[in-house]
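Next up: some structures, all given as structure tokens.
Next come two complexes, and both contain chain A; in the first it sits with chain B, in the second with chain C.
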Partner chain A sequence: MSYAAILRPIARPGLGERLIDALLSGRGIWPAVPAIIVLTVVAVIPFVILLSLGFSDIVVSRGEIASQTFSLDHLRNALTDPLYWTTFQRSLTLALSTTALCLVFGYPVAYLFLVGGRWTKRLILVLTIAPLLTSGIVRTYAWLVILGGRGVVNSTLMGLGMIDQPIRIMNTHWAVLIGMVQIHLPVMILPLIAVMSRHDSRLVEASENLGASRLGTLRTVILPLSVPGIGTGAALVFTLSYTTFVVPQLLGGGNYLNAATMIYEQVVYSLEWSKGSVSSLILMVTCLIVLVAIALATNHFTRWTRGRDA
Partner chain B sequence: MMQGRPGPATKIATAAPVLRIGAVSKYFGTFKVLEDCSLEVAEGEIVTLLGPSGCGKTTLLRAIAGFWEADGGTIEIDGQEMARVPVNHRPVGVVFQSYALFPHLTVERNVGYALRMRGLPRAESEARVAAALETVSLTGFENRYPAQLSGGQQQRVAMARVLVMEPRVLLLDEPFNALDAKLRGTMQVELRQLIKRLGLTSIFVTHDQEEALTMSDRIAVMRAGRIEQVAPPDEIFDRPATAYVADFIGTSNFWAARAEAGAVRLPDGQSAVTTLTGDVRLMARPHNLRLEVGDAGPWRGRVAFHRSIGPLVEYHVDMADGATIKVAAMRQSIDRPVADGAPVSIRIVDPALCAVYPH
Partner chain C sequence: MKLTRRTVLGGLAATTTLSAPTILRAQTRELVMVGYGNDSDAPLIAAGEELGRRNPGVTLQVIGGLSAEALAQIKAARGNSPYDLAVMGSPAIINALAEDVLVPLDFSKIPNSQSVDPKFMPYGYDVGQPIWFEGIGIAYDTSKITAPPTTWEELWSGEYNGRIGMCRPQSNLGLGVLAATCEAFGRPQNDMTFALEKWLELEPLVGRSPPLLQQMIERGEVDLAPLWHVNSALAASAGLPIGYVKIKGPGPLMLPTNIVQFVNTADGTADLVHEFADILLTQDIQMMAGSAPIYFGTVVQGIEVSADAAPYVPSTPEELAETTSLDWPSFAPLRGNTVETFDRMFAG
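Our next item is the complex of A and B:
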């Protein structure tokens, strides 16, 4: 091939190609526009409508909204209603203890992943990800089989002669907690593994070479470096378990009330959309407060990352 | 902090070795990574493990540090068998390839790490950290994080971090890999002088022959899990024990010849002494060859290519028999380099420096 052929001027690209190039250049928010449109239609607009319901007095006549006036009554009613306080308190306790237990059970698994051999790592990944391939509802139903009156736990304990009649686990706070921890454990383990394996594995060797015991290495090297993972995992598990609906509904029996099941009853059974709207708002705001607290705590323990670009 | 140690030069010959590696073997599955490696390192000596990647040099270093167990053989430090001594109790300091500094700790806390883990009193620990930082000229950097330091500074922190614990054996795993070429040269000389000043017994691992020649008192050339030759740099360079060592260190020319009656005839008409008979391989360094313009000599060829490497000019000469021979000549301002394509003949300067290997 002659050089002349290679050096021939490149044909001007068509309009479509130039448009796509401009999109991919990363200037502006254009690549995100489709997602923004979808989210606006299916999330932002409905949410604004829902909020408007919570802050207005509506008079309905003949199936149509006759008048809608701004009002803080629903919010005031909610904040003075003891049922709200106990329900949100229960949700918060449940979510925080789920988060704490997920950390307690998940961290050792992530540690094992860090120090383990190739096959240990593979096994942990498979066992962590496999449950995510089935739906949460299916996994929750599995607990009915395990925790029920004639379930695996009770029949084993009775078979061993440790109890003479089934203990009641199903439809209690404990059943909900057990289910929540199991369902959300992978969400804690995965960020921990991701953060831990980001660091040079020689750091652990360096620590041991410098005279640290395994516990010393865990305390002074692995733990401080995995704080971002703990933060991410805690934030995810907290958000999911604070707003969860399926697990309390199925394992807590019909009468276990947390924030999500309360909103469900308000909207679906008693058709009090204004109440549901206010409850959702409280749920969202309290969730954000906890998330900010987690973020601040994470930042506090990772001050060293700030010096990076200085 | 370590000035009390006896200087290296006086003790090498007499004292018992600090580190004794006896017939160490290591398998990964059925694959033999280390085979019968033996090496003794004297007080204050720097021995380099040199070889291409996969030759087992890092494996041997990690076995000394205790990161993994050898499958056979012994590793002794000051006469004490190390097999049952766990990593964190070995008197060994490792400077890692990419330094492995703790990113979440300041320079001061990185350097003081070993002392904190040993539970030293705070005052003593602080004094020793300050002394170590002064040794590597990093005073004033105490509160920086590793990410805020240059590559050269990070390397010095890594040195200070192992120096504070006064190890009996210092292990350096390709410590210059993360540095750019220019800095590497300076740091090599600096680090060697520092280690020598402190009188530290060291094992240095590299695949870079120039680094090995600069840093070492002795070089152990490794090949496929075995140590091929252990000798001082000059001897390794001038009298490589095997063709592999000759090929790996420096530039070399090889050609086939026949040895008879204790001598082998060189292509330029001279002869070299050998104990071998039959088919042999001859090796000559480029600087042991001299280029003569014209085709007067018996070993003739044409210059195929030449290039200037600093003070030297390297010629690639295509010989009549098809081989290519590399010749190095000092660059002299009065002479113009021999032009490409010019007919030349090659003469061997010192036949005694030609190495003879079995075929």
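Our next item is the complex of A and C:
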């Protein structure tokens, strides 16, 4: 074979090959292009259309929008309506309470995962992931059975002679909070486990060798290092709790109103899409504000940790 | 390529095989309707099967759901309705007319419509065909209440405060109960603020929908509540200690259910919808709808109410004469405002 045959120029790759090459190169935004296209089509465009309804007066004919004129009335009405303030305040309180309780209950589990043996770790992982394999609706219905007037809690308390009449737990704020914490607890535990199990275990050993107690090691070594996990878990739990629909719908009763149930009713039952659109906008903006606050706090405490490490 | 008898026959066989699904699809037609999503769909399914027998290739798909949700979906689809027809209560028809998503039925194409009791026809509002009715009464836990109230006004005797349930006014049941409350106290049926204030006095536990209210009675969270007779009958048929009163003053109250046709249905669908409505009004389907466990009230003249349906459906001549409905057009358009007023007063 001649050198000319061996050294012939490599054929220029086709468009498809060049596109795949660009995607795999990791340069620029190319790897995210497929996701950006999907999100634009299924999320961004519908959301923009929905938001546009909040800033317009609509006339419908034969099921189609016949005319649409710009208006700020719906936003103004919402911002001056006490019902909106009360409802969003209730949603915010519920979401923050759920986040705090999930952290309180979830952190010890993640700590146990860090210090526990192989079987303890496996058991914790199974118990954390197993609930995620069932529908949230099914898990919420289980609480209907547990918390009802003839449910396990009331039957047990009455059987023990602690109460004469069933206490009302269902259809209260407490029922919603209990359901929310149980449903969202795995979402807090998993990021904590992911972050905490990444740490160098020699740091803990070093702390103990230097005379720190278990509590001292937890407070000065493990807790500061797990701040990114706390931040991630808190952001996820808050977002899910703040926008939740199923749990308040089933456990809160008909007079429990949070932001998501209000939007659902405005869109489906009242067919007042402009109101629903404005409510969605308020929900999104307030949610983003809290998420930014969580991100700033996480960043602040993570930097503090790094400073101490240095 | 050389054409032989084998290649020609082979080509014909291949063409037939490839085109078979297309030919089959062309011969099958599917009507999609919004039904109830529970045992109450049985007469609709039976009528759909009869429609299929009369029109080979035609099938009916019944999708459970609320008519309000169907309206929202049609609105979201900008008029390209994913449904051809629906069962719809009278107040929902008023909302659908406001959204302009219904095509009026041609009653001359529904021969059995002639046998419908004339008092029910106005509740189709010239666009829907009444097919049966549901009653609004009081469902109660028989293990806790021995002498249930027989009139709306008795609910305010003080005996039931804190023990009673009510449905949110987003549902036809909740809205109808508020109108009945106004009527009971001599107020216009659309004085919703008055009715909500009266209900606030009762310190009720609120159910988000009639089925959830039914479950609240079943779980012992409330002792009694205004409920559809169908929900009460379904709970009682499960062996639960639940009784039902055809409450009066006003009453016995009924809400006709209608067949309605949505906009943007394909060519030829309208004829099938009319034929389906006609089948629903036949003696067999009406008898089936009026039997256990659902006991829909029949709108067709000359059909006797069975003995086991009598606790739920007006059956005696006196009851039938007193049976009435509400002035739905006067308050159904107030649904959105009423829900907001309700939330201002009750939400917590």
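Everything below uses one rule, namely that the second predicted complex is superposed on the first by the 272 of 310 C-alpha atoms of A that agree within 3 Å, B and C clash if a C-alpha of one lies under 4 Å from a C-alpha of the other, contacts with A are read in each partner's own complex, and residues count from 1 in each chain.
Please note the rule applied: contacts are C-beta pairs under 8 Å (C-beta built on N, C-alpha and C of every residue); 3 or more make two chains touch, one makes a residue touch a chain.
Source: prediction; values computed, not measured.
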Chain C versus chain B on the shared chain A, clash or fit after superposition: fit
Angular separation of chain B and chain C about chain A, which is computed from CA centres of the superposed model and rounded to the nearest 10 °: 150
Touching partner for A:E265 - first (chain B), second (chain C), both, neither: second
First (chain B), second (chain C), both or neither touched by A:L203: first
First, second, both or neither for A:Y256, with chain B first and chain C second: second
Comparison of chain B and chain C by chain A residues contacted: C
Contacts of A:P108 with chain B and chain C, given as first, second, both or neither: neither
Chain B versus chain C as contact partner of A:M170, first or second or both or neither: second
Contacts of A:P31 with chain B and chain C, given as first, second, both or neither: neither
Chain B versus chain C as contact partner of A:P13, first or second or both or neither: neither
Partner chain in contact with A:V60 - chain B first, chain C second, else both or neither: second
Superposed arrangement (fit on chain A Cα atoms) - minimum chain B/chain C Cα distance in Å: 45
Overlap of chain C and chain B interfaces on chain A (superposed complexes): none
Touch list for chain C against partner chain A, complex: 66, 68-69, 71-72, 74-75, 77-81, 95, 99-101, 166-168, 170, 205-208, 212-213, 215-216, 219-221, 263-264, 335-336, 339-340, 343-344, 346-348
In the complex with chain A, residue positions of chain B that touch it: 65, 67, 87-90, 92-94, 96-98, 100-105, 113-114, 116-118, 144-145, 147-148, 161-162, 165
Partner chain B, residues of chain A touching it in the complex: 199-200, 202-203, 205-213, 216, 220-221, 224-225, 302, 304, 307-308, 310
List of chain A residues in touch with chain C within their complex: 60-65, 82-83, 86-87, 144, 148-151, 166, 168, 170-171, 173, 249-250, 253-257, 262, 265-273
